[in-house]
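Only one structure is covered here, and it is reproduced in the block below.
Order of writing sets the chain letters: A, B and C. Residues in each chain are counted from 1.
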Amino acid sequence: MNDETIIRVEDLRKSYQESEIIKGISLTVREQEVVVIIGPSGTGKSTLLRCINLLTRPDSGRIWLKEQEITAPHTDEDKVRQHIGMVFQDFNLFNHLTALQNVTIGLTKVLRMDSREARDKGLWELERVGLVEKAASYPAQLSGGQKQRVAIARALAMDPDVMLFDEPTSALDPELIGEVLGVMQKLAREGMTMLVVTHEMGFAREVSDRIVFMENGYIVEEGPSRQMFYAPKFTRTREFLGKISELYGENRPGEMQ
Amino acid sequence: MLDTLLLFLQRTAPELVQGTKITLQLALIALSLGILFGLPAALARVYGGVIARRLAIGYIELFRGTPLLVQLFLVYYGLPDLGLTFSRLFAASITLGLNSGAYQAEYFRGAIQAVGSGQMVAARAVGMSRLQAICYIILPQALRLALPAWSNEAVSMIKYTAVVFLIAGQAKILAGRYFNPIEVYLSVALIYIFLVFVATQIMGGIERKMRTPGLEMEIERH
Amino acid sequence: MEFLKDLIFLINYLLQGTGVTLGVTLIALSTGFLFGTLLAVLRVYGSKPVARFAAVYSTLIRAVPVVVIIFILFFVIASIVDLSPFLSGALALGFASAAYQSEVFRGAILSVPAGQMMAARAIGMSRLKAISYIILPQAIRLAIPPWSNEAAIVLKDSSLVFVIGVPEILRRAQYVSARTLEPFIAFSAAAAIYFIMTFLVNRGLDFFERRYRILM
């Protein structure tokens, strides 16, 4: 792991209407690190991710992508998002495009790549997630797990500095979760910097370098994953991890290794 | 331009008011006739025997498949040829009524079908005859479901009456001979905007009062 | 025999009006399409004042009978430029249709799931690119059923340009009825032609819809 900081968040705050969703969060993600954010639903985890790639404008606080402060005024947000990949809980594949077109549209329309070059890269990324034979299929013809893998390929095609995963398996049927987690684990092994919001404790324990426990808009505790799982400092953390492990189980068929 | 417009409005106020009254009367008559023709047609389509259904479909397709203006010409100029002569008002009313009825029939049909066959089955199970079931169970629900589409039709009816005035050769158009036509039609447009606005508010109020959580039906007309 | 010859002449003359009617309809529909999609995009994605303006415009136009709009525009255009009744009628119809089509497209755009815009921005697309390459292509396909409705309506409303003297089917029918003194047959024939056209248009658009439907 290198020492370069890819994402740095400083004292982030965000409110919706009357309630404050994020109450002063600071976070760092280093190159090739896999950071997993866990916590009860509705505590601002998704909002945090969406602030990091500026889909949502934070109320206050600063965010850096590598050396660039992306919350500074006059930042070209579109350009910033070219360097941050995001995978959504609901996949959000473009319904009118084939799997391959979903992957290449960012290359051709945003990066203005030559269409043949884009096609080659697109097929390569689909190969990477194991779906090259579905290149000509439409999203409606794919299973949930396949859709999510195409979504991952779409994000990877832009060669981002960091990949953000917003509960990538929460909308999937249990049998399909494994194939997506497998791809994510592969990415981690290849050295991708990842920030993942998830309930999948198995993945968190095996693949992540650091765990961040968020509740009510605060970071309750964070630390190396081994430590968090076996010797968390706060009672609340222990409570939550215990409950979640009960609900989601330790190992599941089709999952990793 | 604005002062000549105002002057025009002042001068022709009585005719404009009269015209507006006729417009509203005609719209009301046509709407009512529309229910008179449309509801039975819808019922025939859903519950009728083969003949009733075919007749209903024929009527609906005919009046929805041809322009209102053509229908007006047929009734006003064509029928006298066959020996049936009507007064202007009658011809306009009956044609608008038949036309509206065809569209209303589709709204009612959609609503009736949306009520669901389960309701009919349940009503029969309690011992109601088909007719009773339709009157006491199906229609009360269907009419509520049809309200949004129907109120759209009601508001639009105000606009369709404008077409009538073309063949009825109205004072509005004659006025065009003595005044700048743009002003004539702009004032007419303003009156319609006002009428439609008021009608929309009224129908909106009625809808709110009668709101039932239910189907949103596709609004078909202008 | 004489009657039959008359009938053939009449049918032929009427059918020539079909070309005019279709011409008016096509010009009106395309103008309405271009302007309508623009209005819809402005209403959904424009800044508050712009969206407000587009909404008010659409509501006002839809409150005025199409025939009145045709008259107004005809006289307005005639005072500025020398345009044929055919063109000014078709444009007036298009202008009015744009307001209705903007409602159709607005509904369709709003039906495209919100996540599509998010995903498009997430890969670095600007708002404009996202609207052009992701939202609109889907919205247009979603809009086909209600749009077909509008197309049928425009076809029927094209008869209204009769009032400014365009030689479409109805005006020809009127001429024929005056010539042959058989108004019933003349107007029935006109009605029949409209009926067939509407039927064909509906079938055609149904086919189109089935082919390009997006499964969501």
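The rule we apply is simple: a contact is a pair of C-beta atoms (placed from the backbone, for glycine too) under 8 Å apart; a residue touches a chain by one contact, two chains touch by 3 or more.
Here the structure is a predicted model, which means the values were calculated and not measured.
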item	value
Chain contact graph, described as a line, ring, star, complete graph or other shape	line
Chains most often in contact, by C-beta pairs	B-C
Mean-CA-position distance for chain C and chain B (Å)	21
Centre-to-centre distance between chain B and chain A (centres being mean Cα positions), rounded to whole Å	55
Averaged-CA centre spacing for the pair chain C and chain A, given as whole angstrom	46
Multi-partner residues of chain C (each touching 2 or more other chains)	none
Where chain B touches two or more other chains, by residue	none
Chain B - residues contacting chain C, complex	61-62, 65-71, 73-74, 77-82, 159-163, 166, 181-182, 185-186, 188-189, 192-193, 196-197, 218, 220-222
In the complex with chain B, residue positions of chain C that touch it	60, 62-69, 71-72, 75-76, 79, 100, 145-146, 149, 153, 156-160, 162-163, 170, 173-174, 177, 182-188, 190-191, 194-195, 198-199
Residues of chain A defined as touching chain C within the complex	53, 55, 78-79, 81-82, 84-86, 88, 90-96, 105-106, 109-111, 138, 140, 151, 154-155, 158
Chain C - residues contacting chain A, complex	113, 115-116, 118-126, 129, 133-134, 137-138, 141, 214-216
